[in-house]
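To start, the structure under review is shown below, and the notes come after it.
So that you can tell them apart, the chains are marked A, B, C and D in the order they are listed, and the count of residues begins at 1 in each.
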């Protein structure tokens, strides 16, 4: 009953097969391997972006920090949600990679709204040379609370950014989960919606450790390569990153894995609802924030279930009685495990 | 006939088996996996350093830059060879990770000598607050020219460092190749010789992409963890780093691979010598810098041999006729390939 | 009628006399001038801190950023008010000088409360290596809204900091104005209240451009000297900084200037109140945020009065009719000018 | 007998008069003062560069580091002399302001030669993404050894830079001394010779602390303003910088001061030569490196003469007997002092 995160499950066998298959003889290092060529073409196809610049790194934080670094001057500020991964969970990596830039938190509990974003942008840059200058907008899709921006939401946010001439980054650590949930194309969710650069996650959805950074305008390509090397994120035996991504993309495995994760999460959410649990955020992809009695938590804990107790009780509930949980389904979780989990609600 | 680098060969099957074996069910993320526990203990045993702090990262540049970052203040300078990887091949990563520190190049063509090091240190820090302050010494073992520091060499260098109270880093991207060549223990080549922190390479010697950073004094442990996360080098699915290192260390595979590489290089060097080639540096581990006629280069090139033409002809030779090559043997190169290579000398 | 800021008035004649007197013959550079010795002793006396380390720089931003840099690791976050100068008006200088650290904004409109500070601190550092780590607290006294922390307020804030083992910085760009308003000693407002390092302003209160940084624990002294030089803030002809500070401190000129500024502001505030103006913040030192009719603004503008229109109308007022002004009195403003200003209210 | 540096003498009375005159009433802060307007126009006239962007800062290190920062990406390297101030005397400020870039030392004892510069540039950037990328060239005029680049020298160096598309910075801490010695115009020594940005020194030549940064192509103007503010080098009471520069430029005071300093140095050099001293570098402006007997040093020391003993004896001399001195004449040194100095040679 492992529901603590989707960063702790196994890699999908198909991904591993590609890694094994790649482990044969010599391959050109540093991204010049043939597999990377095929990955680049494949991702350009997926995104319907024949000019896109495509790079691989091993961690989501690297993808985010390097992508943002290409669009943020040290005297600028990045606009993001107060619960964004780049703010809360990257130990100042974005600030590091942007040589000391700032993050401006757009007020809100989870998703940024266009109005709040506009106000936040308007409030910066009113002080000439004295205040931080306006920099890129970073949007997390799926959000850290398991919510989705609809295509309309995305377009509304990027429209605000464009009003101010600001670039847009999409943190897609759970890109596939979002796409499956929205039933849209990769192009629709990115450049067609006004996104300039995307962190396209693989690690949480069936890979060992690989993320793509896709620039729709290739002008930043060489700068990214220099930043990646300087950040020590350029792999010599790069083929093992390429092979993971190749396996991940082949036959739409990435979508299949995401569909599995989302379906399982929906099943779990339904089960929880049927058993009286309430939700802090409406579950939309593979993450659930549910409130249920302490007694159930205790039984689950005793039975070895793994998940995070979530701070911040649901409004109107007694924290002595009710406690919230963050429950994340990865692609590999089984129905049996979910049923076992639910069984402890009696 | 791939002799361009030891960073382009395959991972050893034993390493891959451990990775595959690790790919089962859930594992705690971010280095809290059980395999990492065993790796930590194993490396402490190997180094006879029961208190050592042990961390894994995926690239050699990350190992070097993060290790040095822990010992270098932004206003200091790191002493190293002019041909050190940290100076020539890391696109300013050490400067980045040390928040803008400097590198001081100790004059010399390859290995640092104690005298040159002492002079370089003495020349810094004579200007009070105005000049850069003295920082750590970084030693590369095997050097970038395929040379070795003997244990005596190492102790003489670290003695200079200790005279000035400066810490010592060892860039051991080819640590195993050096150990095998010197026929010494890991402890003798590091802390017993005065080294404070070592980048212990795996990638070039049979792994996909993993390096250990070993601090003999664990006081830097927490700072390293923060720096690693901030540098975006902390893997969520860390088990795949751990498993590589586990497979690499099991049954002394790391030494066996290094022995293979060194033995093949010695065989190649003997063959080259017998065919009249001269050496820019005496080959001591798995790298060879040999000078031979252009005509041979042309035949090798036509036959598909891969290696770097090395700038800087051997003194006393006519650059129109003679050209130098850098030839690196990895663990996987076969005798047949070497014989084939040598056959082109006629 | 210049009320735009206290950073635009002249230097006091006594300060200039000291500068002129210092302009005689040779003086040791880089802070080794004799005048600096006397300044150090004088400031140690004023702060009743015989061990304090005392340095001069030319701008308030340099004082803040360098002082904070000594106490902030790059992976930490500085706690401050959302309206702090270090956040809003220094173009990311604190982030720059702290090698990419973050600022955490303690919710509130102006002064930090101990409760809000405690909650902000508690909310950081709950994510192990993933989130930013807790760093120093920076308190602005006088605040950017012209408010004062009482000694009790200060002690309550630093008590929270001490509970978490965090250092405390005081941004005292208007230090003298605060001291005069609180009628307390420099020691009471700093180290006796739990402050570790203070930016002691001179520029806004009668100098040309000089601020002292005073460390009550001298352990940071050498690091500060290196940071100041590396930041390009060490003056070769340092005597001209020393002389300003010497003139500023002599015969309590600094307190006299602050008293003048505060007294004038009080007079202005009384006059405004008598004429029906409302205050966005209760004026406590030399800054006033007052709301009055647009028509008055227009008359003042036509008469050449200089001040900032302040965004954010007073609650309950009609922004079409009423507009807020930020009015700052420096030491040199005359009663005539204030009376002239008030005369436009009819 | 103060010959230790030209950074320890007084400011010229004319400079002080302008500062005093500026100390009247209110002036717009942050460089918007009227005096700055006149300074900008005056410097544009002097440089025959009507489009130039002109800024003031208070220290030479700030001028250099900020100017270079505008032209150096973090992954690049700056080419300079091994004895350049930016390398030896700025405690890593250039690396700090360029977010961790590197400095490449062009081999040589003092002046860079076009050949050595070309070789140094050629040797960088041969490693693709792995090595540091080529950045700007920084030339010091007058050099740190008191030498001059002729206009031909300058044009030859910048021609090399232009061959590689690299920008050129001139560190002109002693700009006026060089101009006077070369008897050329400011335009000839800068943009007409291929220089893109110049640090135009005032501090060492009669000011309290002010340097101009002049960009001949104004495209970097706004970036410089942001970098200056972020570096904490933007003065609120900017008029005191402006006034110094105004006084310095009025009636060619800057050239008169430099002429005085150079003339005195020539007189001193002649006197030294007549008394048998030898020179480590041919004196060309206001700095002298002379070798003379220890006994004379002892007499001078006893008589209170201030200067630096220079490491590195003149070749062919016995260091037990002969010792070198660095002697710098500032604008204010009197003939009497020089005669007194020489009198100790007997």
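General remarks:
Everything that follows uses one rule, which is that a residue touches a chain if its C-beta (ideal position, glycine included) is under 8 Å from a C-beta of that chain, and two chains touch if they have at least 3 such contacts.
These numbers were taken from a predicted model, which means no experiment stands behind them.
The chain pair from A-C, B-D or A-B that repeats the C-D interface, sharing more than half of its contact pairs by residue number, is A-B.
Distance between Cα centroids is largest for the pairing of chain A with D. Each chain gets a centre from the mean of its Cα atoms; for chain A and chain C, those two points are 42 Å apart.
Distance between chain A and chain D, defined via averaged C-alpha coordinates, is recorded as 51 Å. Per-chain CA centroids place chain A at a distance of 34 Å from chain B. Annotation for chain C: residues touching 2 or more other chains are 74-75, 90-92, 96, 99-100, 129-130, 133, 226, 229-230, 234. If you check the complex, the residues on chain C that touch chain B are 30, 73-75, 99-100, 129-130, 133, 225-230, 234.
Considering their complex, residues 2, 5, 7-11, 16, 19-20, 23-29, 57-62, 65-66, 90-93, 96-97, 203-204, 208-209, 226, 229-237, 240, 306 of chain C touch chain D. The touching residues of chain B, counted against chain D in their complex, run 74-77, 88-92, 95-96, 98-103, 105, 126-127, 129-133, 311.
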